[in-house]
Amino acid sequence: MPERPILQIESLSTSYGAVRALDSVSMSVPRGGICAVLGANGAGKTTLLRSISGLKRVDSGRVLVNGQDLTRTPAERHVRHGLVHVPEGGGVIVELTVEENLHLGALWRSGRRERAVLLQQMFDLFPPLLKRRSQPAGTLSGGERQMLAIGRALMARPQVLLLDEPSLGLAPLITRQIMQTLHDLRAATGLTVVLVEQNARSALSITDHGFVLSQGAVAVHGTSDRLLSDDRMRHAYLGF
Amino acid sequence: MNHFIDLTLNGLAAGAVYAALALSLVIIYQATRVINFAQPALALIAVYIAYTVTQATGNYWLGFAAALVTGLVLGAATERILIRPVHGTSPLNAVIVTLGLLLVLQGAAGMIWSNEPHSFPYPLDFRGRFSPSDIFALASVGVAALLLFGLYRATPLGLRMRAAAFHPEAARLTGVRVGLMLMTGWAIASVIGALAGMLATPPFVYPNVLDAVFIFGITAAVVGGLENPFGALVGGLLIGVSLSYVSGYAGPELTTLAALAILVVVLSVRPDGLFTRPTARKV
Amino acid sequence: MVSLEHSEAAAAGTPRRGRGSRALADRWRALPVLARNLLAAAAALLGIFLLTSVTSPITDLHIASVGYYMLAVAGLQLLIGFSGQISLGHGAFMFIGAYTMALLVLHQPMLPLWLNMAATVVVSCVAGVLVGAATARLHGPYLAGATLALAVGLPSLTVRFPELLGGNNGLSITTRGAPPALSGLITNSQWHAVVVWLTTLIGLVILATISSGRMGRRMRAIRDDEAAAALAGIPVGRTKVIAFVISAGCGGLAGASHTYLLGTATPSSFALTLSLSLLAALVLGGLGSLWGALWGAIALVYFELWGTELAHSLDLSTNVANNVPIVLFGVLLILIVLIWPQGLHGMVRRLGALVRRRG
Amino acid sequence: MATTTADPLLEAEGITVRFGGLTALNGVSLAVAPGTVVGLIGPNGAGKTTLFNVVSGVVHPQQGRILWKGAPLGDHRPHHLAKRRIARTFQGLNLFPGMTVLDNVIVGADRLASGTMPEMLTGLGRYQRDERRLRERAMAALEEFGIADAARALPGTLPYGVQKQVALARAVVADPQLLLLDEPASGLSGAEITALGKRIREFSEQMGVLLVEHHMDLVMEICDHIVVLNFGEVISAGTPAEIQADPAVTKAYLGADTEEGPDA
């Protein structure tokens, strides 16, 4: 019997006013998978992540995490079901210190002692954060902010991590380091990652599965290698 | 010289009240970007409840406690019922809603307790220079400020409240119930507002009794910088002491003009108040 | 009426009519803005004259009150609705206008009315320059706080200078009624209403002209995005001050009309409640269109009246009756914002669109 | 660092900007000549937007100066730019949400009106002529960009791509000699980016263009000259070919092939 996918999306539709943003999107992500959501701007990538994490109300369809229906669950409860969304730009709270940001990630369940342990793990994972632990997050560089955002998400010990354009405006070098960290985490903890990326080529080079959105619907999906090698599809949807 | 010391001490006691009101405004402003113009009316209702309880039981402190509880409930209810629906719309909407609430509550107070003044007791002996009541005012506001500081800086609830205020969406994604946190912020602010009302009202209570105090409170908050609770405290004491000198040396009818003058001078030098860190504006 | 929308929206909203009326509409639109506004104002003034010739003196007084409130609210519309600066202290400029008028009548009784009005505009505009320049760097809540202090602080001047400003009792003046030449033709109360509305309409013509042209566009650009407006070459600080000055002038003129109409200027008329009522009337009427000022002013005058009448007719105790208008006004404000944020003007426009579709 | 043989329109000389303890720009120089497109690239936080803000007069540098046609811009402020015929777009578009598309563009053309303050206030004199001229000019710009249909719409009701066109139309309607573009391609689809590139080349026939952009393909294709910033300093400058061949750039920005430890 194949293992149940950890994240399952069944014909999800949503709209902004009269404009349909997602049109019956279905996808499933196996435990430990790293999958890319690709497509032109306005294709609905960010809306998909926001609908999964409860920030955007959906019109119809279902979102299942670990088999549990979270479609109508408010965003603040998703973290309790093991799903954490890192929005575009990271959603770091610039007024709080690095340490406070990290604490916030684990505040919903854990005690003081457990948080201290997690905090140390994050500093081990992202050493640049340790030096800046009591600085306001607003003083961090772009790369450090993204590390902080992912670190805060990991503080919740998620099973599924949704990442919205973590490479936006970062030097490719930094992006690669962050992606390497996620790969290591998957190997160590079985973390599942859904990655929204504008830059299809680099995203497909680090994921094992890809979904291409076009005008709010899944146009193509398949393994990353297959998507990369399909010239016609690449030209039509990914523009390279 | 004696006169000067008297004025300073009186100014500090009055300033404590302004500081408390300023603090309640700043807490709410930080959390929801709203200046709560209904604050004096919320405090007014709390004071009238205290008046009624004290009349019925003969115990001032029971009334005092009732006022704080009333403040808590009213603050939470205001956020939930009136502010949340206009959250995220034009800032003017929140201004208008709170002004509307001000009118409704002041009118309601007049309907229930009449527009005529009733005598209202001081917490402690109020006679003489720097009376026990003055000391009580300073001490209670000081304690409230310390508790508040501890709550915000050192507790998980405080961290959640700050996160909800600074970046609601990010806070939600980490599991914070943002609505509840904002409501808590309004409730706490209104308790402090009620405390200010209890300190400022004596010797008489009537529907407009807190209007002038509120003006000085908002002046203090703006002078200190609306983003900074510490600024509210300093601003309150500064306004209290300055106005006390103006009143003592130049005449009490000049206090509102003096408050205006202080405001204009401070803001012309620092448009975001004394204690707001200048941030790079988005261009 | 004066073309209160900026021209474009008005043009867009022009309904399809018969050929003759369309040709007329085209010719109307081809006129310069100022000429159009002046013609409309003349028609409105005639309307007021005709209306007041059938109404009672007390109604004339209410109509006149609507006039000066409308001018004050329309000035505030320019400041808040167009240039985006929230002022909570506009009553201060009415205060300045009212006392300037009273002092002129008391100390220079020979000056003609129009000169008094003109002097009032100058004085309140100067006050507007001072306040506007002092507050041009402030934004949002800081501006609100500063103007609030102004509204509360300024009337206390009367207590400071009791000999000049009459203390808490204020100043009383007598104003002349209708000129003798017109004695059979027009009653005194009608004359007062027409004078007040003439003043108001002159103010409105200027406001409408500004708002439909380059200056109004500059203000709206600053309201929407200061940085982008500056980079388009718009002097942000100067434009903000100009908005302040014009709206202060309108407030001052409204205050002068108040004194002219009622014969008194007392500090209690210019308490904070007045400033807040003006703001409330603005929101009630609808932000962003000068028409909103008319609805807001009518609401301001008649809500007070109806509230009082309602309380009396219900035979309530005095405690309750005294507070009915204020509670009603507050409730209405909250409901408008929660249910109909576009204000009465939005409601009227929606209704108009509905009628046109049916017709 | 002359870009072409023509005299430069804009020159930045040794610009240094510090915010508190942070040095955002350190001795940065560049020049834009008429008829050329100069690209400014570098990772986020490298100081690109700060440099734009210095040129626009939003930020005043601690050291260095900006020259416009050879003469230093003294204590210039943002609203002086339009008169000098410098226009700028924003990363976040910054359209006026409460005004129609046409009015948005008319505001951009404000410089071309000649009426004085009293004329603006009273409706006399050149008021009417200004109105007509600005309106015609703005309509012409909208037609040129193919978005005349949207003239009466509010910007918020339009697709993002159209909003970007409005922002561009607002910037060029007053006929600038220098155009500063802040990430014009962000959020556009592949086809839209191609069209944008063509349009920017067209602009460059009439004006100098300074371009901040992350989209490398676009930058490499349309720029005559590229300046690379990293941590507030110019680490390389030259033609697209030179930049692509420069190992310093590869290392800092495009990413080296070898893994390295975090040096941030």
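Order of writing sets the chain letters: A, B, C and D. Residues in each chain are counted from 1.
Throughout what follows, a contact is a pair of C-beta atoms (placed from the backbone, for glycine too) under 8 Å apart; a residue touches a chain by one contact, two chains touch by 3 or more.
Every value quoted in this text rests on a predicted model; they were computed, and no experiment measured them.
Between C-D and A-D, more C-beta contact pairs join the chains of C-D.
Among the remaining chains, C is positioned farthest from chain A, on the basis of C-alpha centroids. Per-chain CA centroids place chain B at a distance of 46 Å from chain D. Computed centre separation for the pair chain C/chain D is 42 angstrom, with centres defined by C-alpha atoms. Our note on geometry: chain B versus chain C, Cα centroid distance of 32 Å, whole angstroms. Among the residues of chain C, those touching two or more other chains are numbered 227. Listed for chain A are no residues, as none touches two or more other chains.
Residue positions of chain D with contacts to 2 or more other chains are 56, 58, 90. Across the interface of their complex, chain C is touched by residues 56, 58, 77-83, 87-88, 90, 94-100, 102-103, 106-108, 110-111, 113, 115, 117, 120-124, 127-128, 130-131, 134, 152, 170, 174 of chain D.
Residue ranges on chain C touching chain B, taken from their complex, read 80, 86, 88, 134-135, 137-142, 144-146, 148-150, 152-154, 156-157, 159-160, 227, 272, 276, 279-280, 283, 287, 319-320, 322-324, 326-327, 329-334, 336-338, 341. Residues 40-42, 127-128, 139, 141-144, 168-177, 180, 239 of chain A are the ones touching chain D in the complex.
On the side of chain D, the complex with chain A involves touching residues 22, 43-45, 159-161, 187-190, 214, 252-256, 259-260, 262, 264. Within the complex, the chain B residues that touch chain A are 156, 159-160, 162-163, 166-167, 169-178.
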